[in-house]
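Each of the next two complexes has chain A plus one other chain: chain B in the first, chain C in the second.
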Partner chain A sequence: MSGVKAPEHGAELGLPASGAAAPGPPGRAAAARRGRLTSPWAVRLLSVVVVTTVWELLGRTDPTVASYPSAIASAAVDLIGDGPLLAAFADTLEGLAVGFVIAAVLGVAIGYLMGMFRLVEVALDPYVNALYATPRIALVPLLVLWVGIGFELRVTIVVLSAIFPIIMNVHIGTRNVDRDLVDTGRAFAASRWQLLRTVTIPGSLPYVFAGLRIGTAKALVGIIVAEMTAAATGTGQLLLQFGRYFETDKLFVPIIMLGLLSIVLVEAMYAIERRAMPWRRTER
Partner chain B sequence: MSSQSSADPLSVLPVSEGGTDPAAAPLLQIRGVSRTFRSVDRKVLDDVDLDVAAGEFVSLIGPSGCGKTTLLRIVAGLLSATTGSVSLGGSPSDAPSRDKAMVFQHFNLFPWRTALANAAYGLELQGVGKRERNERALEYLRLFGLEEFAGQYPGELSGGMRQRIGIARALAIEPKVLLMDEPFGALDALTRERLQIELLRICETTHLSVVFVTHSIDEAIFLSDRIVVMGTHPGRVVETFDVDLRRPRWTYDMRAEPSYARIRARVWELLDHEMSGHGGAPG
Partner chain C sequence: MRLSLDTRAGVWTVRVCTLALLLGAWQIYADGISRALFAPPTEIAESFVEIAINDDALLDAAVVSMGSMLVGFALAIGVGVAVGVAMGRFRILEHALDPYVSFLYAVPSIALIPLLVIWFGIDATLRVVLVFLAAVFPIIVNTMAGVKQVDGELIDVARVNCASERQIMRSVILPAALPFVFAGIQVALAQALVGVIVAEMTAVVTGLGGLIIRYAQFFQTAKLFVPILAVMALSIVLTALLRMLQRRIAPWATVDLREL
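Take a look at the complex of A and B:
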C-alpha cells in the first residue's frame, strides 16, 4: 500500500540511529554491563602501537606482499612531497563533493515528492527499485560512452551511487512520520504545505540523515570503482598503477588516506545530524 | 501559580461573552451524526444529536467502542461523518478550523519543538508573527507555571508538564470550543487531580466551551455541567444528565453532597448495563 517494499534491501536501509547505534560513548547501561573503561583513548593508542609493531616485524620478512609501517611512512613522505598522490586525491575529492551535493539535493527532493504525491511515487518507484540494486559498475561502460572518462564520469557515478539510498530512506521516512502528530497538525488546521514543513520534514529527519550517511559510503565506493575501471586519473587509477608495479608500500598510502577520509566523513555527518536534531538527545 | 507577578495569571485569558445562556442558540450543534467504517462494516456511531451551549462543559462517557472518541474526531474535523452534520456558531463545521482546538490523550507534542514553540504552534499556522506568538504562547505557559521550561524539549519534561503544554497549545489559539480526548488518561492520579483543578479554574474564568471524553465517572462529575452517557453496538447516546453541583467545585467536598452520590449511582448503573452486553450484539 505504501509502495515501500524492500525486505531484500533491508540491510542497506539505514534505520535511524537511536542513541545506541551512534558511535561515541555507549549507553550507561551498556557500559556498566561490559565494564567501565577509565581511559579508552589509552587503550586505542596501545592497540595501534601493538598492531603496528607486530606488522613492522612480520612485514619485513616479505615486503612485496605486506610491506611494513616504516616503509609505508617513508613512501607517504615521498608521495606527498612530490608525486601524483595529492593531485589524484584532489580529483577524487572534487568528484565526491560535487556528486554528493547533487545526489543529496535531488535525492531529498525526489524522496519528499514521492512521499507527498502518490502519482510521483507510482511513476518513479520502478526505476528507484530497479536502479537501487543494480551494481553501479555495470553502468560504467555506458557512462564512458555518454560522458567520457574525466570529471563528469566521477560526478555521474557518485550521483548514481548515492542518490538511491537517499531517495529510499527519505521516502520511507515520510511514511514513518508519527500518524498522531500528522493528526495534530491537521487538527490545528495546517495546510498541506504547513504539514510538510512543520510535521513531515522534522518527523522524517532521522531517516533523511540515515540516507545521507549510507549515500556517503556508497559514493566513496562508487568513485573508487569508477576510477579503477575507467577514469584516466584519480585515486583509483593510482591504486591500480602501484599494484601493477608491486609497489606495496606506496599502495598502502592511498588506502590509509581513504580510511581516514571515511572516518572524517562519518564523523562530520554525525556532527551535522546532532546540530540539526538537538531534540534527539532529549528523547527517552 | 506565577511567582514573579502578583497579578492573577488567569487574567490574561479572554472571557467569552454571554456565558451559559440556555435561551441562546447552542454554540455547537451535532445533528444526526452517524459513522460507518467500511473496512469493518460496522456502525460505530448511530444518529447522534448533541448540543453544547456557549460556556458549557460537556463530558462524553461510555465503554470502549461506544464511539466517543470517533464523535470527538468528527467534531474536530479529523474524520468525516457518514451522515449528519456538525455546526459551530451557526455555520457548518466539517473540517479543522481555528475556532476548534484539540487536546490529545498522549499529548502529541512535537518532540522537535521546545515547550514555547509547541504552545505557539497554532498561532504560527495562523501566520501570527514570531514575536507576538511567542509572547502569547508564553502567557499560556505562565498560566500553568511553566514559563521557566519554555526553552526545553518535551523529552525533558514529565507527563503532567507535557499535557499542560498540550492544553496551553490549544488555549493559545483562543478557540470557541475545546475538544479533549481523555486528556488526563495517561497521567498518574495526583497529577490528574491537579490538572482537573487547573482546567476547571481556567474554564470558570473564561466560560470556555469544552467537550471532554473520559472513562472516569468521578472526573466527569467533577468537571461537567452535563454528562452524556454513550453505549455500544452501535455507538449512541443513551442518556444525558445535568450536574447541578455548585461551582467552584474545588472549594468543598463535592463527594459529600447527596446529588453527587445520586448522579454517580445513575451513571454507574447505565454504564454497567451497557458493559454487560445488554446494549446489543455481543462484542
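Take a look at the complex of A and C:
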C-alpha cells in the first residue's frame, strides 16, 4: 500500500489504517502475491448463502429470540410501505445533517486556528484532547437540562460527537504540512493568508477528510444515543419500541438500515475526498 | 517581558490562565441561575467530597462500570486479534467473513442494545457482550490490515531460512502488524467506553451511567457533574495507559504526534 501517509496518522485517531476497514475490495497486490485460489465473490456469496440458510432454519425454532431472514424481509416491506420507518429515518437524517454541518464548519475553523496561532493551540489543546478521549454521550442528561429534548438536543449531541475528531485531525494536519513548502512560501514573502490558502490548506486536506469521515461515524452514534436516551423520536426510538414489544423481526430492519446508512455516508465522504483532491489518489 | 510560547513555562502559564478564566466565568455564571440547571465548581467539589470521599457511591459505580467494560474489552482483544490474524493470513477466511465484519463494523453498536436485551436480559452479561461487540470489529479490521501489509519479502526470507510457520508468525508478522493492532485497540477503547455508558443509561440503571441518569432525574445537578467528570477522567487515564503500554510493548509502533 503506497502513499498512505495521512491515513496512517488518521489510524492513531481512529481511522482504520490505510482505509482497509472500508467495505471495499481488498488489496489487489496481496491477491496477486498469494495467487488466487477461488474468486472472492464466490466465497462471499457462498458464505452469505450458508449463514442465511442456517439462520433461517434455526431462527424458525424460536422466532421471538432470533427471528429469521425471511421474516425480517417481510417486516422490512411492511415497515417501509407503512411509513413509520421512513418517517423516523428522515427525522434522524435531519438532525444528523444539521449537526454534522455545524460540527464540520466549527471543527475545521477551530482546527485551523489551533494550527495557525500557537496561543490558541496551547490554550485549547488540553480540553480538545480530554474531550476527544471521553465519551461525550455521558453529557446527554446534562444537555437535556439545558436544551430540552427537542431537535436542539439532537443537534447539540451530534455536534459534540463529531466535532472533536474533526478538530483533532485538522490540527494534526496543519502540523504535518511539509515544512519546506512553508519556508519556501515565506522566502517568497507570502502573507499569512496566502500561506494558509496555498500551502496549509491543500497540505492538510487529507487529514481534514479523515477527520470528517470519523466525524460522520461518531455523529451517527451520537444521534442514535440521543434518540434512545432522551429525545423520543427517530430511528433510535423505533429501536426501543420494537425491542420493548419483542418484535425481533421488525427490530432488525432499522439496525440493518443504520448499517447501510453508515456505509453510504463513509463512501460518500470518500467520493467527495477524491473530488476535492484529484492530485492524490485515495487509498482504498 | 514577553513570555515565549515555546518554553514549558510559557505554555503552562497560558494553560493555568485559561483554566482559571474558565472556572471563574463558570462560578460567576452558575451563581446566577437555578441550581437545577447548573452548578458552580465549588458546589461540584462539595458534591465530589460527599459522593466519593464520605461515601463509596462513586467508587462502587466505577467498579461496576469498569468491571464489565474490562472483561468485554479483554475478550474483544483476544478474539479480535486472533480473527484478524486468521483473516489476514487466509484469503478464503477473509472473503467468507468480510461481509459480516464490514457490515457489523459499520452498524453503530449501541443500536444493538434493544436486541441484546432480548437475548441476554439486562444484567452484567448484556454490558460485557455490548462492549465486546463495540470493540471487536475495529480490532479485527485493523489487525487484518496490519497482517496483510506485512512485507512479503520478509516472509520469503524467513521461509528461505527454514523458519517454521510459528516462527514466521512470532518474529515477522506480529511485530509488523502491531502498530495496526494498537491503532485498532485505541479505536476499540473509545467505542467500548461509549458502549458501557450507554448500556448503563438505557438498559440497566447501574454503574457510572446509572449514577448520571439518577442524579439527572432528581435535578441534582451539582452531583450530576461528579460521575460525568469521573467518566471523563477514567477515559483519559485508560487512553493514556494504552499509549504507555504501546510504547512499552511496541516502541517502533508509536506515531505519537501530540508531543505536548
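One rule holds for everything that comes next: the second predicted complex is superposed on the first by the 240 of 284 C-alpha atoms of A that agree within 3 Å, B and C clash if a C-alpha of one lies under 4 Å from a C-alpha of the other, contacts with A are read in each partner's own complex, and residues count from 1 in each chain.
The criterion applied here is as follows: contacts are C-beta pairs under 8 Å (C-beta built on N, C-alpha and C of every residue); 3 or more make two chains touch, one makes a residue touch a chain.
These numbers come from a predicted model, not from an experiment.
In the superposed model, A:220 makes contact with chain C only, not with chain B.
In the superposition on chain A, A:279 makes contact with chain B only, while chain C stays out of contact range.
Of the two partner chains, chain B is the only one that A:184 touches; chain C does not reach it. Within the superposed three-chain arrangement, the count of touched residues of chain A is higher for C, of the candidates chain B and chain C.
In the superposed model, A:138 makes contact with chain C only, not with chain B.
In the superposition on chain A, A:198 makes contact with chain B only, while chain C stays out of contact range. Residues of chain B that touch chain A in their complex: 76-78, 95-98, 100-102, 104, 106, 108, 110-113, 121-122, 124-125, 152-156, 169, 173. Touching chain B in their complex are the following residues of chain A: 180-181, 183-184, 186-191, 194, 198-199, 202-203, 205, 277-279, 282-284. Chain C makes touch with chain A in their complex at residues 5-6, 10-11, 14-15, 18, 36-38, 91-92, 94-100, 102-108, 110-115, 117-119, 138, 141-142, 144-146, 148-149, 152, 179-180, 183-184, 186-187, 190, 193-194, 197-198, 201-202, 208-209, 212-213, 215-216, 219, 221, 224-225, 227-228, 231-232, 235-236, 239, 255-258, 260. By the touch criterion given at the top, residues 1, 8-9, 11-12, 14, 16-18, 20-23, 26-27, 30-31, 33-34, 37-38, 40-41, 43-44, 46-48, 51, 64-65, 118-119, 122-123, 125-126, 129-131, 133-135, 137-142, 144-146, 172, 175-176, 217, 220-221, 224-225, 228-229, 235-236, 239-240, 242-244, 246, 248, 251-252, 254-256, 258-260, 262-263, 266 of chain A touch chain C in their complex.
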